[in-house]
Amino acid sequence: MSGIAIRAEGLTKDYRTGFWRRRVRVLHDLSLEVQAGEVFGFLGPNGAGKTTTLKLLTGLIHPTSGSAVVLGKPAGSVGVKARIGFLPENPSFYDYLTGAEFLDYCGALAGLPRTVRRERVRALLERVGLSGQGALQLRKYSKGMLQRIGLAQALINEPEVIFLDEPMSGLDPIGRKEVRDLILRLREQGRTIFFSTHIIPDVEVVCDRVGIILAGRLAAVGRVEELLGSPLEQIEVTASNLPPEAAAALAARGVAPPVRSGDRILVTVKGEEDLGQVLRAILQAGGRVHSVVPHRRTLEEVFLARVREGSR
Amino acid sequence: MRTAAIAFNTFREAIRDRILYSLLVFALAMIGGSLILSMLSVGGEVKIIKDLGLAAIGLVGILIAVFIGVGLVHKEIERRTLYTIITKPIRRSDFILGKFLGLALTLAVNVAIMGAGLLLLASAMEARLAWELLLPVALTFVKLMVVTAIAVLFSTFSTPTLSAIFTLALVVVGSLAEDLKLFAVTFGGPLLQGVVEAVYLILPNLASLDVGGAVAHGRPVPAAVAGLAAAYGLTYMVALLAVAVWVFQYRDFK
Amino acid sequence: MTTRFPTACLCVLLVAGAAAAGLLRGLEGFRPTLAAGPEPPWLPPAGAVRPLFLGYNALAADLFWIRTVQYFGGTRQTDRRYPHLYRLVDLTTSLDPHFVDAYQLGGLFLSLGRAYPEAIAIYRKGIEHNPDRWELPYDLGRMYFLDLGDIPLALEWFERANALPGHGHYVPRLVARLRARAGLIEAALEMWERMLETTDNEWVRETARKEIEKLRKQLRTG
């Protein structure tokens, strides 16, 4: 598969809220492209507009202006919906149906004939680890189980493009790993995946490219390493048992104000070289190294960095 | 067909709802109660059973139509179960029509059960098959379809509480349509009459679908009247559904 | 605590329940219940009330009819006039003008209460709204005959009943007899002769022959 799977151009969305029906803009002129076969992570804090973007791309809401095109057709058209899958955030389904009944219903809506449905429901239940719970009513499902059945229904029609809104939310670490593995497997099959999250570690492992959204605007798009930087950018070193001059010298080396707590001092250094020198200095002064922790950049730091770069 | 799948699923949801059974039992109790009530009377015993029985079917039917109908769409939006359904390759119109048909099917089953109960009772009282009751039951069903369409329409854009209030208000006004018109003719000038006439044509005239009174007296209902009434009800229902489909098409699901 | 709580609730329940029952009894002493007393004083005019029933007028008529029956039956023991009977019957029949049983029995109840003008009004209202029903002119005729002793008027109404389809098999004989009583001998004869020709019933033919002979004798003697 090649070509552009998802294209958003100038997507803008306004809502009218409040008693006076004031217009509130929740998405400003968002444009991005996702290649076929890519795993695209959509990062942003809560309320940034991730879900709004996903809903625009899946046809659940209509843009105030701009366009969204998926697999060459307008987002939300029936033809496109046959080739996509969608998992909403904190999904809930018809709780009076059993897991298998629900998947079968989704399959029927996707236009699958009965024999195909039966087999696929069985296979999907197995794939998401719910083979034993197919006959259980959805109202009895735990949050993690609901997330899995949600993934299953998103895949019922073997979609080419899959949209996932916070797919890891509510899962324990094992569950999160399973979802990550599933995404990777789907990529191997050549499918395109667009998923949103507010947790960076989820993104780092699976995504080819990342888009960062803040307050309704696309702040940055690019490959993971480009955006989030190497973990070795900032390293926090905690040491103790240092004579005062050594400590002061150490603090001067740091790229951020030191933090003292009793006997200990925490210094933030940048780069491998500095790290080596600092560690040697501590040991030579007779101090003790307690911990060396690489500091991950937060989204805000990335954003601010971008802004700084832009204004330079 | 996808609409059929949605309809069947809606039906399945309705029959798994306990409220439905309570209402059905209530209706059957009312029909049975009419027997007791008829014992309090001298004269008109069978009439009482037929009148009360048909009223019970109509009343319970309206309750089912309204209380399930107003939540049909809104519940899905609020519980966000709609998201995974709309993103499947179906048209939005398929969804609305499927929901409506599912509720219509539910009502059909309920009306059939209640109608059978009434038919049994009336036939037992008269020692003959009271098949003339089938016509008012059928027309009541058409009336219920109109009420359901009203409820579904409101459900596409309003909360269940407001939708229920508006739908019931329309049911009341629709039942009084003839009287309103009479009122305007008796008391109003030409302007009022014109306004009332226009309003009368727009509002659902539900009274036209009530032939139970005549039937309980043993008076025959002309086929033309029954046919026209049924046709009116069905065309009105189609008009309502068209509006519902239209509204739903442009709705944002936040 | 765990065993004392249900006990406390039970005590409160018993005390409150007994008190409530006692209070209700006390209330009853003040207001006679409808079964004993006759007054339904709040009957509204029929025209105003029609719309309130949302199209279920016939059912409302039924319920008012039951009220009427209970009202009549309940006060019969005291053998008073029934001051509200007419209004009840009138309201019932206004709500459902085709409720023939209500006209018939309502008229009967009124006549039993010796409220003859009201009974006549009810019967005539029924006849006006249901011109095809023979029972109503028949009942009116019977009241004129048995209660009011007015032969000419009774005969007039019986004739009208006789002209309507489905009338009881006894109506023609009644008309014939009353014609004779009213002095219309030829007319009476004519009816008996027609009956003789048309009926298959041997008892009726016997009766007809006897009456014809009697009437012819009457004619001869003048």
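Think of it as A, B and C in the order they're written, each chain with its own count starting at 1.
The rule is short, and it goes like this: a contact is a pair of C-beta atoms (placed from the backbone, for glycine too) under 8 Å apart; a residue touches a chain by one contact, two chains touch by 3 or more.
Here the structure is a predicted model, which is why all the values come from computation and not from measurement.
S.K.: By CA centroids, point me to the most central chain in this structure.
M.R.: Chain nearest the centroid of all protein C-alpha atoms: B.
S.K.: Which one of the chains is farthest from chain C, going by Cα centres?
M.R.: Result for max centroid distance from chain C is chain A.
S.K.: Centroid from C-alpha atoms only, then distance chain A to chain C, rounded to Å. What do you get?
M.R.: Chain centres of chain A and chain C, defined by C-alpha means, are spaced 83 Å apart.
S.K.: When the C-alpha atoms of chain A and chain B are each averaged to a single point, how far apart are the two points in Å?
M.R.: Spacing between the chain centres: roughly 48 Å.
S.K.: Any idea how many Å lie between the Cα centroids of chain B and chain C?
M.R.: A distance of 37 Å separates the two centres.
S.K.: Residue numbers of chain B touching chain C in their complex, please.
M.R.: Listed in rising order, the residues of chain B that touch chain C are 37, 40-44, 47-48, 51-52, 55, 172, 175-176, 179, 206-207, 210, 212-214, 216-217, 219.
S.K.: Could you pull out which chain B residues touch chain A in their complex?
M.R.: 2, 5-6, 9, 12-13, 16, 79-81, 83-91, 250, 252-254
S.K.: Which of the residues in chain A come into contact with chain B in the complex?
M.R.: Per the stated touch rule, the residues are 15, 55, 58-62, 78-79, 81-82, 84-88, 90-94, 96-97, 105-106, 108-111, 150, 153-154, 157.
S.K.: Please give the residue numbers of chain C that touch chain B in the complex, ascending.
M.R.: 50-51, 54-59, 62, 65-66, 69-70, 96, 98-102, 104-105
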